[in-house]
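Given below, in the form of structure tokens, are the structures.
Look at the two complexes coming up: chain A is in both, with chain B in one and chain C in the other.
And then the complex of A and B:
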């Protein structure tokens, strides 16, 4: 399946991926409104140190451990698209997925709603906004390379 | 192929999904003594406090059984298991034959021999019916505010029910034999944080003590403690632990220790019988010993593995170890693995610890032979799964130990090679 891959040697640490992630998941789809009047937790995690930065999203694992561990059934892998997504109405904020995800790619909602936030590959628009708006192509949306390629 | 699954919770549903991965056709029958659509047991305290309703507790969609072509016998107990004839007899008299059987019968509350624990108003709390019963009592109009609840046991179940009852306005006291709360998953420091937090919310504790008697007539009105204290008790809850539900197998030749013994393929000692979840006893990957590890993710993963193998696959699940994510009144915690090394073995471990008393945050990471074997995260639980992943992988972390408590600990802390290997997946 197609996923977002980071090329850390190109990442400038500008955090535009975060900005466009929020915008893409907003109702208004407007950069300013999304940040000023909507409460949206970015689903991308930016790791940055002294000489290194990169963005990290849910890897949409084939045999996703978060799906297997979810106590409510909120987290599911879509059999058609392969996207690992969660049902807000079923999530109770128990953080079992946070305990389980080896990438640390599931976040707690930052606005005190007791639910998680994670990448859905912008399933609403069809194209991950983080990669589409990365100014230096440090995030690319592409097919996963098979073993040995 | 005829599959039979006894049990309709995490392990049983894992079994269904495992079988259907490999065999879309075979006949699957699910039997459970509970009459409900599969639901999330850990949510019963949320149900009690009113945070979720029954609909929201459903673990799978309404059409789950239909979509997976499952025959159900819900609300029906299995009376006997006859491994020699590969069949079970239900309490209705119905006989169900199987080619492959999954025992996913879960756990039963352990009730210690406390005098008066059979009185009308003394309960256990592990399943939905228990929550319905309690809800009925505490929702009697005008009563809840004046009621006193006494809970025996400060483990996960005891504290979750304490939280729910306190939220409903009851006066709640927890009595615990150990000298701290959550003694199996927390150390002294972490337990003190949680206890203080719960006390701030009005819950009282009598630690290093136990209940000698629930005293009264048909209903208890007083709990007498070993220390001599007495507590008002309009309702009592015994929550000292669960034990494997072995009722069905006790007259069979199936090998049992504390739970039904299984290997990493979830096979029991009898061919074509598998077991998963709280009823079974398997290998603890961290302790290297056999044990019952009654937690939800293990149950589902074991069930899934069993199901796949019942349908002809050759899968194993060898990632069993204790881990819990839980919270009380908005304070979350995630703990995993060995968090309290034995005193006599303490020099084999390295312990990294960080606390900031101001905001209830605490972190402890336990390392043995340069590998993480356990951790506790209180309040700041973000990205704890990275640690869980390192435990599962038994990754040698010698070169990054000095970074492990850093606020920005993450994939950037690792070697480029390892990071690339992981993140190109």
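And then the complex of A and C:
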């Protein structure tokens, strides 16, 4: 399946991927409105250290620990697309998925709701907004086989 | 001195209706012009730090930013302009030489804009380059007066030639003055486009030896990074005598920019200033120049053309004649508007002559002396578009060098702060966090597109004139007419006035 890969040698740490992630998951799909009048937690996590940064998002594991750990069935792997999907209506906010994710790619909601935030590869729009809008091609959306992670 | 008299040069305007406090501008500014104030929950600006490179404007996802000239004006005075006054404040505080980057921005006459091209009507047909072949291939190097054959009737080999798919080359920019990613972009784009790029005098980074078919290696007064393997890595060798932005002046790469890689490539100790002397200390005459030309030819077994680059100065035609007789295969001339990574402002703005006039004078002089076939003529400083190239070739150039245009294609916004080493576009910097902002894959793509676009336009202009090969345009000054030029200017350019 196609996933988003980070190329840390070109990551600027500008965090535009966060901005476009929020926009892509908003109702309005407008950068300004999405940030000013909606409460959305970005699903990308920007790791940065001294002159090193990269954007991390859910790896959509084949045998996803978060899916196995989820006590309500809110986290499911879509057998067709391979996307690990999350249904916030079923989530009770137990945070087990956060504890089991080996990549640390699941986040708590930043607005104190009992839900989590994770990457769904922008399944609503079809193309991950973080990769589409990365100014330096430091995020690429492609098949996994081409190159190792 | 506690009170500085300097005022900000630019004003950052932020539309708070659109700003989403994402802080992208803050993270992208190497000059610390933006910051987030937690108490006010607002992004704020420090106008005095802004150099108007527009990195923040381009990356702002909300289109909330714009930058303009600081509106503060001095009392109107055509003699003491604001720039003159500000320069004095700067020097009164620093006691130093005014420094700058990129080419001469002063409003002096641009001759390209006073030259018009011809086109065919009725009496000779124009050619549609989309339907008929159009040749832009260019060969640089000494052309023999006639073909000679051995006893078996086989022609003797021609002197070494550089083959270009289109009459454009990337001009010298050293690794040191520009980042390794900018060098990579240029080298890859030159290779993909069938043209040359030039190492400048910074030596050749190990990663770039793979592009040697498309590399001109430069030997300058500092001799940085020059060794046998380096000379052999070039398709041609260029001796740099001068640069259009700073004729008569050496170079100075500050120690802060001489990191690990630059130090290894230039073969100088880490952190030391790289000083290029103003003259080559072994060249005080044309005869001395001849010795270096032949030393380099000997070293590379006469397999590569040797070029000599000079800046366009008053006596350029006579100097070019000397260079041709000294045995150079290519002469490249850099006009006074040519760019630089760092030069004293007043040298850049006041020394040298326009390339258009220098080119016309040199081509004319070489023809008169019967030397024109012995050397190819490359000009630069500055070529801004494909029409400038067509005009340059009609005035007598074989091909052109572009550098500022190439940098702009890679993202340069002409802020003229190259010398600070804090290029927010990842071009004129050695700071690792800034260098990686230029992804060489993107740089290569943008450069390739520029060369492709310009080549298509050159073909269109040639076709319009009813010419199907760039060779047929070379020195064809009848294809040019002047407007708004006086008789002296027309005479030096060797062209007629429009209507004649």
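For the reader, a short list of remarks on this structure follows.
Keep in mind that, in the parts below, the second predicted complex is superposed on the first by the 145 of 149 C-alpha atoms of A that agree within 3 Å, B and C clash if a C-alpha of one lies under 4 Å from a C-alpha of the other, contacts with A are read in each partner's own complex, and residues count from 1 in each chain.
The criterion applied here is as follows: a residue touches a chain if its C-beta (ideal position, glycine included) is under 8 Å from a C-beta of that chain, and two chains touch if they have at least 3 such contacts.
Nothing here was measured: the structure is a model prediction, and the numbers come from that model.
With both complexes brought onto chain A, simultaneous placement of chain B and chain C is permitted, the two fitting side by side without a clash.
Within the superposed three-chain model, A:31 lies in touch with chain C and out of touch with chain B [touch as defined at top].
For chain A, the partner touching the most residues, choosing from chain B and chain C, is B.
When the shared chain is aligned, chain C comes close enough to touch A:10, but chain B does not.
Of the two partner chains, neither chain B nor chain C is touched by A:2. Seen from the Cα centre of chain A, chain B and chain C lie 150° apart once the structures are superposed, a value rounded to the nearest 10.
Once the two complexes are overlaid on the shared chain, A:113 sits clear of chain B and of chain C alike. By the touch criterion defined above, A:90 reaches chain B but does not reach chain C.
Once the two complexes are laid over each other on the shared chain, residue contacts for A:19 go to chain C alone; chain B is not touched. Once both structures are overlaid on their shared chain A, chain B and chain C have a minimum Cα-Cα separation of 15 Å.
Of all residues in chain B, only 10, 14, 40, 42-43, 46, 51-52, 56-61, 296-297, 300-301, 304, 323-327, 332, 334, 336, 381-386, 388-390, 392-393, 408, 410-412, 419, 422-425 touch chain A in the complex they form. On chain A, the positions that touch chain B within their shared complex are 5-6, 8, 45, 47-49, 52-54, 56, 59, 61, 65, 68-69, 71-73, 89-90, 92-104, 106-108, 144-145.
Interface residues of chain A, counted against chain C in their complex, comprise 9-16, 18-20, 23, 31-32, 35-36, 51, 133, 135-138. By the touch criterion given at the top, residues 17-18, 20-24, 27-28, 59, 61-62, 432-433, 436-437, 439, 441-442 of chain C touch chain A in their complex.
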